[in-house]
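Note sheet for the following structure.
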């Protein structure tokens, strides 16, 4: 490894030192004749949420340095998109963020529509928002359950899986799939809402508060859990901005930014919702922010079901879409944060280059910085609090 | 010859006792909690969840390959992942089985055109059960486990029939 | 010969109890956890899934016996037995009925706690011999934790011992004929359940095998029946601390208000085991519901809270007994 | 922030640039040697977030895009620069640590290098993998992937 550069650039502004994880302590023996243990966490480890591999350098239980290693799920979504027609790309993108496929689809559809100047009907926008919020709940459920598991609590995970199945049933009725939807297409959505879908959604909403409160009491109300979370993995506002964090992780550090509110898309400008922000930046704040986000999502779903407009569910789009040459960026607020799709078009039927700005990719980059100095148990919890999805990181 | 039928590996006693052991094996399939990609959510997480609850069949997850019997390859295996899968398989004690879950593990799925992706996990480890779908539903995985149970039982049955 | 035979029978009976306990407890754990987690738990193998654990054990017995290449062969081989044997020895002084114990030791309680404290040696051995870093961390955690929690465990049993005036478990139980020690010794009881939970490495103190951190901790490299032995020892330890709690605080084989009833007395062992199982159920309940505490919090809690409280309780109770009760 | 203000920042850092307003938004094209100076000046001038950084194979060279954002004003800015195949751009991680991962990714998938990066290892692929995102690397053809 080359020596990190220590000279500072001439311009004023934030200057960063090498992330703690990369600032390796010298290997071998120090004056106390102790040796550091280099531990491979992953790719097969219950708490890495997939196939993340973290190299931990331990002094006893304390993590001295940590370095994440990704790529165990690199399957070339960006490359393959260059050989797929515009309406085929959604299939790949579903599998990039497999917990919230609809958000990635929506970002791609929006980028394509802006490039090809397609007007999306109002109903399609509302259906998009509805399905995306349901999807956000499903994704946050998985996060909350696995977060509890990271802290050692089994029960919340199973409670949350029960609630998640209810959402998956609704999403299956709307889109036809439990996880891989390919529902949001350039121009609108693939199919209209089935008749009477508001019944199961309302039934879900009527139990949502009780079940979430139950889960929250079991996890967040537990003193052991609170003791594990408070003051652990603190990410300051400056660090969060500099590392380009997104979503709940960014908002827990005190940055009030939400794509749904600040760069509105779909039906969000017409909806009434709050963006929860916390200032502590520790694991507890990330927990609180995401739980509140779930409540807000339910609030939005209620508004969306009540106010669902009539009309077309898709615009007239040619079978083979050939957007004019140019570039376009569109972002949505996925459960993990700002998810952007950058399309470079050369006027042909396939994108020339597609780039996924995946939030988990940037959120994970902080782990080199945040894990160092914590204990192994903390490291697991911090990784859990970042809410990473490896499919999205490796693409 | 006749003696062989009574005592050897193909004796009735031997096969019957083996059958008894197979009964235990097929009813206690611990799978390695090793989710690679999307399929892990359906095949491993929903599997333990309240609705599908594979624990009913004695199918439970273990974190360590030393204590598992079944490896579910739930996702795309690429060049970087393949040695890991191989190594985990080698670390499992015999008898062991592999379920290739989903299109990616079977053939490379929607990503098979990408040069970094290995077209099917059978290039790395021997596969017993193939589960189609992208991702397969948890019910499919339940069916796959039942098929695996049949497969375990059928081996001794075949030997019994061949006698 | 005649002298040896009854002892051998008793020891074999105890071994049988241990194995049956292990099998039943694993089944019970899966069922209880299933119910706590709004699932059903095993129900396909045999009626109500009762044969599930049997199938598991038979399967483990027929698995390949793996020995990691780089393991310390001898230690790796012996470690499961070093864990298992003390937990079997701890059964010996347990008194299940008025005259039902393998051996009646005057220092039975001391013996029991002494052999229990041998277990971390086996755990550390297993962690070291596996030559896996995860196992090593798990083994070290177990050692540190057990050293920390042995002290409050020992101190918490002193209250009942002082009240009964004996270290013989039968005598301690007999002294509770009219008053269960849990009432006067409530503080000691609370300390006991916390320390016992930690000593047997149950959630929320399951540091050494912390599923989400160390995967299976010290048992990481063990497969087949060696793993079975470690697993069995864990459950038999659970039974031991629950039985010890029953003997020390809940009147052993006595039922409340029926202490002299001959039928209740003849059912003594059943009552004793039923009480122990209720204790185990509470432990499983905690396992199903609680998150895991962090290792530094765990040790700080032992040294900064539990040990001072238990020490002062011993002093306070000694004063009460000397000045108020005995005078 | 109007484009002119951004241009002022770049001018004061004496970076030769070519401003343009495309459908994408404000796009500035600069030379590959000026990236570090330009981004340093822009970071000081209010663009506090590096949203994304990626590279594209244009067929003749590699085009690297930095997507910056001034969060307070919700202003986006795209900085584009072009390097030759196997060319080098100075790493900007000291200005935006967010670039640590994307630079490693761009380096391995498009075969350019980022001198000054503290950890210039491969991110996604194993040693010996060709730069997969280049247009010259073809994906597997239909015959190759046919399931038999």
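We call the chains A, B, C and D, going by the order they appear; numbering starts again at 1 in every chain.
Convention: a residue touches a chain if its C-beta (ideal position, glycine included) is under 8 Å from a C-beta of that chain, and two chains touch if they have at least 3 such contacts.
Nothing here was measured: the structure is a model prediction, and the numbers come from that model.
Chains making contact with subunit B as well as with subunit C: A. Separating the CA-averaged centres of subunit A and subunit C is a span of 43 Å. Put simply, the C-alpha centre of subunit A and that of subunit B have 31 angstrom between them. Each chain gets a centre from the mean of its Cα atoms; for subunit A and subunit D, those two points are 23 Å apart.
Subunit C and subunit D, compared by their mean Cα positions, are separated by 61 Å. Shared interface positions of subunit C, defined as residues touching 2 or more other chains, are 37-39, 211, 215.
Contacts with at least two other chains are made by residues 45-46, 71, 74, 76, 79-80, 83, 158, 162 of subunit A.
Of all residues in subunit B, those that touch two or more other chains are 49-50, 63, 80, 113-116.
A complete list of chain pairs in contact reads A-B, A-C, A-D, B-C, B-D.
The residues of subunit D lying in touch with subunit B in their complex are 124-126, 129-130, 132, 137, 139-141, 144-145, 147. Subunit D makes touch with subunit A in their complex at residues 13, 22-25, 36-37, 40-41, 43-44, 48-52, 54, 56-57, 65, 67, 71, 74, 76, 93-98, 100-102, 116, 118-120, 122-126, 132-133, 139. Listing the residues of subunit B that touch subunit C in their complex gives 20-21, 23-25, 27-28, 49-50, 53, 55-58, 60, 62-64, 66-67, 69, 91-95. In the complex of the two chains, the subunit C residues touching subunit B come out as 30, 34, 37-45, 49, 51-52, 54-56, 58-59, 62-66, 211, 215-216, 219-224, 227. Within the complex formed with subunit C, the residues of subunit A that make contact are 37, 39, 45-47, 58, 61, 148-155, 158-159, 162, 218-219, 222, 224-225, 227-228, 375-378, 380.
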